[in-house]
Amino acid sequence: MTGLLVKNAYVIDPLSGVNGEIMDIAVRDGKIVEDVRSGAVVIDAGGCLTLPGGIDSHSHVCGTKVNFGRYMSPEDMRAGRTARKGAMHVTSGYSVPTTFGNSYRYSAMGYTTVLEGAMAPLEARHTHEEFTATPHQDMLANTLFDGNWSIMEAVRDKDMKRAAAVVAWTLAAVKGFAIKLTNPGGTEAWGWGEDVHSIRDEVPHFGVTPAEIIETMIQANELLNLPHSVHIHCNNLGVPGNYQTTLDTINLAPDLNKDRQSLYLTHVQFHSYGGSTWQDICSKSEDIARAVNARPQVAIDMGQIMFGRTTTMTADGPMEWKLYMLHHNKWSNHDVELETGSGIIPVYYGRKSLVNCVMWAIGLELALLTENPWQCMLATDNPNGAPFVKYPEIIALLMSRKLREYEMKVIDPRTEHFVPLFAIDRELDWYEIAVMTRAAQAKALGITRIGKGHLAPGAEADIAIYPLKPDELDPTVDYQQVMAGFAKTRYTIKRGRVVARDGEVIVEGANSTIWSRSDVPPEYDLNQDPEFVKKFEQYYTVRMRNYPVQDVYLPRGLCIRTEASL
Amino acid sequence: MRGILNTGRTIRQGSYVERKNSPAYREEAASLHMNQVDMLDLELEEGSHVRVRSDQGAVVMVARPADGLARGEVFVCLGPYANFLVNPETHGTGMPDFKTTPVTIEPTTEQVPTVREIMERYGGVGYED
Amino acid sequence: MRVILKTRPRAKPKIPIEAETIIPQNFLRKNDVRVYEGNKERKLEDLFYITIEGPAVSPDQVEVILTGDTGVIKRVGEYMNAGRIIVEGDIGMHCGNFMSAGEIIIRGNADSWLGREMRGGVIRCEGNAAHYCAAGYRGEKRGMRGGTVEVLGNAGDFAAEYLCGGDVLIHGNCGDLPAVEMRGGTLTIGGDCHRPCGNMTGGTCRIFGAAHQFLPTFRKNGSEEMEYAGKQHRMAVYRGDVANRGKGTVLIRT
Amino acid sequence: MKIEDVVCTFCGCLCDDLVVEVENNRVISVENGCTLANEKFMGDHRLKSPIRREGNGWKALSYDDAIRETAEILLDADRPLLYGWSGTHGEAQSVGVHLAELLGAVIDNTSTVCHGPSIMAIQEVGHPGCTLGQVKNRADVIVYWGANPIDAHPRHMSRYTTYADGFFVKEAFKERKVIVVDVRKTESSAVADEFVKVERGGDYAILSALRAIVRGKRDLIPKQVAGVTREQLFRVADICINAKFGAIFFGLGLTMSPGKYKNIRNAIELTEELNRHTKFTISPMRGHWNVYGSNEVFTWITGYPYAVDFARGIAFYNPGETTSVDILKRGECDACLVVASDPGAHFPRACAEHLARIPTVQIDPHVNATTHLATLQIPVAVTGIDAEGTAYRMDGVPIRTRKLFDGTYPSDFDILGKIYEQVKEVKGS
């Protein structure tokens, strides 16, 4: 392969300590190299903003519940329909686009790696099938353990090592990337139509609490030396007054890892509510941000909402039921035996809804009040807060107080009394945005080691060149250009190959699926554990031998292998 | 006699579904299950041939008594014999009225066509393997 | 301006023509109007003899007349917002979908989804309308939201499904489940129908013929006099559907 | 050779615990399977080679010729219909969808005459469901509505419901109540604790009445609704409300009866209403072993589970318009590719007649009714026997089917892939 040379790039590469240098980037065989021979294809970036490929550390794009969101929403498919064109397949959908739709739109925005936020192990094969059909991003799957019977039994028995063994077995079986806890304990309770309401509530029948599950899993995660930390969707999502649960959860996190956080809290906007009813709901972003600022061992993502219609989907079945009771639109629920649950409902976030305005403000506040951008990532919990195509608008809002003021004039005027946003002057700079959209994600996910999120020699040549000239633009004023620029790269380069130009994907994709495998000593191999095998055959409805995801589902699998400290 | 034709799966139909040209399949798919009193009325015995007619045409089947069917209700497992009679109207839903076809039933001495013969009547060319 | 579109003979006359481009505003300028015949994109003149008479400066001065074998032409008048379309014979599916203003007159029968999710304007069908007359889109919570649909003949099943606003008037009979999921607006049925107003949560449905298999989940709520077609009728009033929130009104001639 | 944990590719239960013995590229015994599974695995009635209709007879032809002719037929058409798909693996379905988008075809699967109405209902009100193990481990009330599992899904009751012991239900047969609702007595209704016999076409009214009862409007219910007494309706409602975990399974008795998807919608809304009191789920009894897979694959590629029309380049969906029965009835399509299904047997007469009028190519292992209507048939391997690939169980659980031996037939994926390549060559990239 002849090389590629990106010249005159305005590079921000936070992980390499580069902040706005005009430089050339050489690429060979899909990797960044020191230099390339003459004869390389040359791309003149012309001083445009050049960043490592974008990484979404929490998005719902592939798998059973996402596809069910599509399945149940022909009205959503009416928007965003495009015909087959060049290398691009037909696409449909706005809030839950088809897999190719997601992939092309992410690619147009310069995103090259996406983590699917919730994969039920029993249905992992489905997620992997859709990963293959999302061809322009390397994909990773958070694997759900929130209602896992074997985990809860290990927690009850205070057997942290057994919990680790269950995680190791499951991740290896389903080719998952990291531990996800969605409303831990709550999804099991939902099997009976119930929920848990604090981290100290007991899960029916199992005699454990969410706090115990969380603490055990954080420890187990580090015993397995997994790249990412435990990734948690806290209990009580969307409930007024839930910030206390979130603070309680943050307080559970020990500092166990020098390279990254020990607990990743996702879509924290949905978990930062004060008040006690929908009438007096208010922002508690300051309390949350204060806790995050004081604890380097946690990282969060925003879970920003944006006004308009979207579809909510989560493994948090009971939450979706509550939301359905408010919206009365349509409601899907899908409980997964021995493991987890899920729910889906369409929603509309309106500027006329005070509650929605408060939610909108909280997301922004979290990003603006978290001092260290490495601790707060930009995400909408796509599509729950908004479809990811809204990211450029969010970037603009974070960079421009002027744009925020403009918005604050058109939302419900009472909002000001319930949120601190109106008093926040901070405007993020290009560097901070680069951190919050790729570098922090790579670090938080633990994938810098495989060359993600940076542009140093040896890194994967995932590069986004935006039609933005930081030297000539004032993002605090020119927010329209910022939005337009982040919406469509001039070039998106994936593993050294130009995959998208000016918003159009020009080649067939060939992504990788990144998964984790922790090698455990034989005595912790559950394949050899009679009790585990027996329970499996008794209570699951698939045979244990038919459960693991075969290698054929990961045509370009990329395994991060670790040695467990058991 | 007038009746309403209901269709559905049966385990025998399912068993022979990959051998649609076999006598066993024909026996099951061309069985018209009826209320016994209706059969008496028409002077039918088990195995008697009947001509079943709907607004789509008429096909010969074999009468069989069935428990659990009220008078005027007849049942044929899903397949080419039942579908000979089903109207393709879907009411804008894509789904025909497979369960509620008005039919008339009369005794006949005519033969029950094979699946192949039905398809030939549709304009096809029979394949013999 | 008058635009007369007369169909040309086609080799495969049963293949539907997708003609959402046939709306008055598209003839204002000499646009390159294209339609689909099956999976082939065609120029309008390949499928129609086109005659244009007189000028127009705004779409409301444009009248489009369709004649010939028009029964398989779909989406005529979709998203129309001004002007008039007259169909001399039958029209295919989706005529007047999402239209917001203007007028469509159909001298013959209309196929299914006439005026689907209509926002405003007037549709008058002098023959029969097939299924889902003045109804909604799959999965969408709101069907027709405004305007008027009048059918002089009969309508098929699911007439005015998800009706939210505007007036639907079927002078003949309706099929099964008219006004199912109805939320607002008014539906008037001059003739008979089956199982009207299932799961209704709002709006008013008036039935001047027989309502067969009326559902058990409506509560009788007095009676009133009402005029229809120049005659006074005694109407039984029902509220329902109580299987749902039950805020709709059904009036059935006694 | 004995192979364990074999996946049965007959019905939507997708049982994966069969033990199959294979000798000389033939299955010689099946353990754990139902009658349907035994017939499927032991069956040995394959079409030997591709065949082509010539005048009033048939001639064998090579795979290469058959593939080329199929591509030509499809490329010549202005409104091709690609129908079937439920009897093959997901990988082949995926090629089929891409073929349809390339051709500007209509692609539809067998849901269209099965649970299509269930999908339409779900698109209106959603779907409170769960995996089958959730029912097995928890449910104390089971409702079969318009479904006859003993005939259509013979092991459904023993693996997942009536007779399946679970974690919270140790002795299922004693602890579970089973309600069957149907218009006729069936083998399944015979094992019910409560059989509700509904008048034909009365399901919608019954469901509305039950919803009203659950909402506390008992005073409004007349003495009888569609042939069911008020007392029985109250009793059924009470059983459901007092359940700890209830599960409704419904079949074609609801999807094919007058009102079609509105029946299902009403049943889903009843389920939702019951969730205000307790835990309740509802699930369609999907027929073909991988019909749900075809819905899944269609959905992630096109956004719609079935009946997708690419005529205008974009994907368009509208059951009643873009569904196979309607397209055939109206005589719209001018070529048809049938894959892994038998519309000749399972479509109304008028639709089958149109298939005989147009070039129809069938890709299927067996001689079936459609064979006689077709112009060309290409035999392929049977997924789950001599081909493998992904299937989705009726509850959405994906399972990889096994190849038990290397046969001589190409798979659906191979054949469709070659057709796709030839079409792509003509159409440009």
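Going by the order they are written in, the chains are A, B, C and D; count residues from 1 in each one.
To be clear about the criterion, contacts are C-beta pairs under 8 Å (C-beta built on N, C-alpha and C of every residue); 3 or more make two chains touch, one makes a residue touch a chain.
In this text, all values refer to a predicted model and were calculated from it rather than measured experimentally.
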Steps in the shortest chain-to-chain touch route ending at chain B and beginning at chain A: 2
Of C-D and A-D, whichever chain pair has more C-beta contact pairs: A-D
Distance from the mean Cα position of chain D to that of chain C, given in whole angstrom: 34
Between chain D and chain A, distance of the C-alpha-averaged centres to the nearest whole Å: 34
Centre-to-centre distance between chain C and chain B (centres being mean Cα positions), rounded to whole Å: 38
Cα-centroid distance, chain A relative to chain C, in whole angstrom: 45
Per-residue multi-chain contacts in chain D, two or more chains: 120, 123-124, 201, 258, 310, 312, 317, 319-321
Touching two or more other chains - residue numbers and ranges from chain C: 112-113, 131-132, 138-139, 176
Overlap residues in chain A, where contacts from two or more other chains coincide: 72-74, 76, 330
Which pairs of chains touch, using the document's own definition: A-C, A-D, B-C, B-D, C-D
Interfacial residue positions of chain A with respect to chain D in the complex: 62, 64, 67-68, 70-74, 76-77, 81-84, 86-87, 89-90, 92-93, 97-101, 122-123, 125-126, 129-130, 133, 149, 191-193, 205, 321, 330-338, 344-345, 538-543, 545-546, 550
Touching residues on chain D, where the partner in the complex is chain A: 4-5, 7, 16-17, 90, 94, 98, 101-102, 119, 122-134, 136-138, 159-160, 166-168, 244-245, 272, 275, 278-279, 281, 295-296, 299-305, 310, 312-315, 317, 390, 392, 396-400, 429
Contact set on chain C toward chain B in their complex: 112-113, 130-132, 156-158, 175-176
In the complex with chain D, residue positions of chain B that touch it: 4, 6-11, 14-22, 29, 56-57, 67-70, 73, 75, 78-80, 83-100, 115-116, 118-120, 122-127, 129
Interfacial residue positions of chain D with respect to chain C in the complex: 77-80, 103-105, 120, 123-124, 201, 204-205, 207-209, 211-212, 215, 217, 220-222, 225, 258-259, 262, 265-266, 269, 310-312, 317-321, 330-332, 334
